[in-house]
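There are two complexes below, and they share subunit A, which is joined by subunit B in the first and by subunit C in the second.
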Partner chain A sequence: MDVKVSRRQFFKISAGGMAGSSLALLGYAPTAAADVRSFKLARTTEHRSTCPYCSVSCGLIMYTIGDKSKNIKPVIMHVEGDPDHPVNRGTLCPKGAGVLDMIHSPNRVKYPQVREAGFSEWKRISWEEALTRIAKLMKEDRDANFIEKNAAGTTVNRWNTTGFLASSASSNESGYISVKTMRAMGIVALDTQARI
Partner chain B sequence: MQSQDIVARSGTTTPSPSVRQTTEVAKLIDESKCIGCKACQVACMNWNDLRDDVGTNVGVYDNPQDLTPSSWTLMRFFEVETEKDKLEWLIRKDGCMHCAEPGCLQACPSPGAIVKYSNGIVDFISENCIGCGYCVTGCPFNVPRISKADNKAYKCSLCSDRVAVGQAPACVKTCPTGAISFGSKEDMSIYAEKRAGELRERGHKDAGVYDPKGVGGTHVMYVLKHADRPELVGLPKDPSVSTMVALWKGATKPIATALMGMAAFAGFLHYVMVGPKEVAEDEANENAKEQA
Partner chain C sequence: MTNSWVDIKNTDLVLIMGGNAAEAHPCGFKWVTEAMQTRKAKLIVVDPRFTRSAAVADTYAPIRVGSDIAFLGGVINYLLSIDKIHTEYVKAYTDATFMTKEGYNFDNGFFSGYNAEKRVYDKATWGYEVGKDGFVVVDETMQDPRCVFQQMKKHYARYTPEVVEKVTGTPKASFLKIAEQMGATSAPNKVMTILYALGWTEHSVGSQNIRTMAMIQLLLGNMGRPGGGVNALRGHANVQGITDMCLYSDVLPGYLGAPLDRDTSREEYLKRLTGKPLRPNQMAFTQNFPKWHTSQQKAWWGDAATKDNDFAYDYLPKKDAAYDVLHMFELMHQGKMNGFVCQGFNPLAALPNKKKITAAMSKLKYMVVADPLETETSEFWKNFGPLNDVKPEEIKTTVFRLPTTTFAEETGSFTNSSRTLQWKEKAADAPGEGKPDSEIMARLFVKIREMYKKDGGKAPEPIVNLSWPYQVADAPNPGEIMREFSGRALVDLMSIPDPKKPEEKPTLLVAGGTQLTAFAQLRDDGSTACGNWLYCGSWSPAGNLTARRDNSDPSGLGVFQNWGYSWPANRRILYNRASADPAGKHWDPSRKYLSWNGKAWAGVDVPDMRPNAAPEENVGPFIMNPEGVARLHAIGMAEGPFPEHYEPFETPLGVNPMNTNPKAISNPAARVYKGDMEAFGKAAEFPYAATTYRLTEHQHYWTKHSRSNAIVQPAPFVEIGEDLAKEKGFKNGDMVKVKSNRGEVKAAVVVTKRMKGLNVNGKVVHTVGIPIHWGFKGVTQNGYLANSLTPYVGDANSQTPEYKAFLVNIEKA
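Here is the complex of A and B:
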């Protein structure tokens, strides 16, 4: 077969060939394979904590951004169960697993507040004010209602008008200190949230 | 995990790397231990940074009512009469099964939008997804969902980012009753058989393992109380990739591609050899006159 190709036709064939091979390259050659999502906790800082929801008090690990450098304001970006905690060994219920949204909830109470008698509004106060106020009220109540001796004249040192509810998250040591402190003041109604 | 661990890739004709061998992993869901608390759903949303819309209560515990682009796993609740006058409340954690022969990957036309890693995980690479929805059609378990926000398909990734660094998926870690466990496919298969045997001893005579062979086995397996009737908990009895998908992507695609290529080449050859149709000058003049 004698094919006559003119100068013009030769350019057409060359251009067509180049276009074709470029298209093939675009359409068929695999693009660079995307890497799998990177592990988002790789360089976060871990802190141990306790789930605040129920009395089971599961161990949590809070993951915050940054490495505690002074210019970085850490923010909790993930929470997971603590595998070394004997209570839950890494597991969490749906509430605990979603505690991150409670931490960042706009409705969360972040500072002491007081609603005075007769008021409908809550007023923000400082920790100093709050602790002083509680101490004052406790002392007033204790001074007014402390029972030193019972009807038979036996020393009892009871303070029956105030009760104390200890945290279920307390370890043995803090539980021991709670009991000693409260009993020293004469509190009888002493209980722990773990029993609820 | 790295690109060398990708053993299958959608819409790709060149062979995938297949030299490296990583441990094949599996998630085992023990239906008999599940209490339907949905901690797995919450853990999944937290790990994957997903927050679904607040839905409405339709009178059942299923929440949300179906898998969505933002809810990659879902507790499904079934009230079924397994025998006459015997009502059972069955709960199943639904989500991607990570098939050994994934229908979604076979059906997907977009190069690299769906990949399978050598450890068995089937993952969607969203940047390559074109939102055609073929994966939804190709899936025998009706799992992928297309997002209305970005027109991309989403499903459980078996936390491929966690597994890649030697961690277990978020749902497995959080499960308070230990109904979900994770390990090598081999260990999980052995444990599943042991657990099914225990259930049979305790009176669940039909208890067994769900690891369907029709899709080459799955990397998410179940221990079912009624393994003879998986449809009780909404699982297909004998799932397989649709023959249409196999036909379309198997025989038809190369033939059609060849035909298209040949047609284009024939046209090109004709253009070069014969050239465009030329209208004789006098004829053209006549036409022009008629129009004027």
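Here is the complex of A and C:
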């Protein structure tokens, strides 16, 4: 017997009352999937991640959609607990289970902005303009207030009129680059969210 | 955490105090219920609220906010008075036998050496008596009144069950029941674990809360053992990693003490921080400090750090004062700061006394906020009616707001509470023009460096000479960065010749240019570079070990040696030498962890011990301490070598029932700024104890921007008990105004059975609970920032603000 069924026909037959699985067992498995809307997750890419909230640090799997071609931006469309993770074993709490909505929050900051002194509104600016202005302000303050030597004549090379507070939500690598550059500039007023 | 999340399943008894794991760390709490099911472990919860952790506990006891040391001090007294301690452990692994100095004294709330004017202690009379041989004098019998054991016993003799009840409001019977259960784990084959969080740290005596518990765990012999330890459940995904990277003023990456104004040279600096053994044969691991520090300088300044310029020691800023966040905002408030860069941090919401924070930031010339979300801090200058009543035209601060990625849009590693680094992958780009923090910092740095190169300026050398070997200078790759802080050999590393065998030729240990496998390979002669010694080996010649995903657990004890990478040296339980008795045998055959096999230490984890240190050598398990043992008497603490109960700065009692000294009501060594002391409220005007807390459905101030979280917890509220509601005539849902001496919050009141008035020192103390998650930005309903209410004072050691115990009044809005 030579029976070829498309996926759609297969579902029709199944819907006709015959159990899909037993039909498949008989060899009538579908041969083409092109014209059927497949399970969405089947077309996604998996990325391994870590819940950003509490430090149980549950393993996450994030699914992005987009075919990886150059002009297509992948979009995260589903997040679930990583079943292989030894700590959470696939579970997530109400915080972690809602993380997709934080990623897609309408309150994400999307562009560099400035609020000029005394103004009541933001103004969008380019990265170039933002970083150039910040760099100038920092250099100006450093050059004006940098302390090279203390009263005893010891080289102390500190700059204590600009402070830096670091995130506990960024990666170790971002943290390392932050501490390396800030210390090199002489910053001592340095602290982190970890304190509180 | 000294132990790991999964290790909780190995315990016999769980104490949750100063935390609420069921609601704040739900997926970690699973391991508590696992222990309850499979090991028949018991759960004790001590908390001012009947939390969801309490709901599944075998024993629950209420406690007044801010009185934990009185409770735990009472436990110490109970254990010592009926000898329910693990004596062999205490003798061998703690300083109980050490003699303290003559002249040490505690009298009516003050330890010896107090300077009332400066609010600091001169610690000359604290600490151990050191003999002529340079080692501490010990009394093996523990009978001498000056030995640590007897001093401790004397100190806590005042903490009787009756006193505990009087100070904490915990009924004596409940206290005794809990103390008895804890005491049962002094048996060598029983282990207790303690899970705590911000409920202990956010007090003016926060560090001592934790220390009191650590002392109990030591007395019971529960440290370094599977199912034991002292476990801090931390609040942010990478709070551990960022702490390890030391983005705070006191230390450099890997907790290397930062150089101070008074260190006149590198030599002095190294001398101050390099440990030397206080007892014979001890590892005193900080002996290696010069290796860690020199390797870090090489990672930062590369070829510009040479032997001739003291490995660029001058380039490092020398600290002259405290610069923790409270001090930073105090300086800002005094107008002594011009600029402020705020990365992924929302100080307007997260710091105490919002009014002061707003005034402080309004004095800045410029402020930079880098965050994925629109934080309150970034809009502190904007008027949001009563929720943020400011006049923008009067605030002259220029504010920049830069979009960053969230965790999902950045590749790199996070370190969890169990010290395990886990690699994650970027899944998508950030919306709009968001960039990772590493790229923002790199671009900013490169710009500033170019300006110094082109235009010159003050002290350009540390900037222009900073090692910047990244392929794309503007966007270092996370892999490159991890390889840098993990460390590599700069030249061929040869074996160090053994003076006993001068004829032997040195052999090649590590070829120049290769990644190192462990911090033992670091050197102090500039031949190795390593940005953070604790993370050394995380990217070894075998590749990125933090990305490993082998979840096999051959021992069944929850030790996943090939899952990610744990610091230090991939060790999963700290101080694990203490899991065996002094002779090197397991304390408990049902939890075999590490033992001496006649030649070496072996077991299911990486030994926290020199591998060939035979038990007869008596090398103590607490290898970071120069004494090799753990400290019951600790001179490092600001307010005393033994924890003592002090009232919160805003006390509902007005007195400290433990003393009659008006200057020792609250922590005598806590730092209080001018103006802040006056801003403390008194019980006459603000009669109710208050505490802030978190909800299961929200994470700090982020998830109010997330719709699904907003649906499940949409609106601000405060919580009070039925007895107080009745007294005040409040019904569930009434709008109320909660006032402290610094500000007010309006919200609906939720009346529950979870909080009750407690009888304390002859009066009833009611508590008002204030969840913190609302603000003037977000997709939840807007609300008042809870920290409008909280006092501006921190723990005397860590400067963590006192969010968990203050005073308020409450009335109908």
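Following the convention adopted for this analysis, the second predicted complex is superposed on the first by the 106 of 196 C-alpha atoms of A that agree within 3 Å, B and C clash if a C-alpha of one lies under 4 Å from a C-alpha of the other, contacts with A are read in each partner's own complex, and residues count from 1 in each chain.
The rule is short, and it goes like this: a contact is a pair of C-beta atoms (placed from the backbone, for glycine too) under 8 Å apart; a residue touches a chain by one contact, two chains touch by 3 or more.
No experiment lies behind these values; they were computed from the predicted model shown.
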Partner chain(s) touched by A:39 [first = subunit B, second = subunit C, both, neither]: first
Partner chain(s) touched by A:80 [first = subunit B, second = subunit C, both, neither]: first
Contacts of A:158 with subunit B and subunit C, given as first, second, both or neither: second
Touching partner for A:170 - first (subunit B), second (subunit C), both, neither: second
Common ground on subunit A, meaning residues reached by subunit C in one complex and by subunit B in the other: 81, 88, 91-94, 96-98, 100
In the complex with subunit C, residue positions of subunit A that touch it: 45, 47-59, 62, 64, 73-76, 81, 84-88, 91-103, 105-120, 122, 127, 130-139, 141-143, 145-146, 148, 150, 152, 154-196
Subunit B-touching residues of subunit A, taken from the complex the two chains share: 3, 5, 9, 12-13, 16, 28-40, 42, 78-81, 88, 90-94, 96-98, 100
Complex interface listing, subunit B residues touching subunit A: 1-3, 6, 9, 12-14, 37-39, 41-43, 45-47, 111-112, 115, 117, 123, 125, 127-128, 157, 160-162, 164-165, 167, 170, 173-176, 178, 268, 271-273
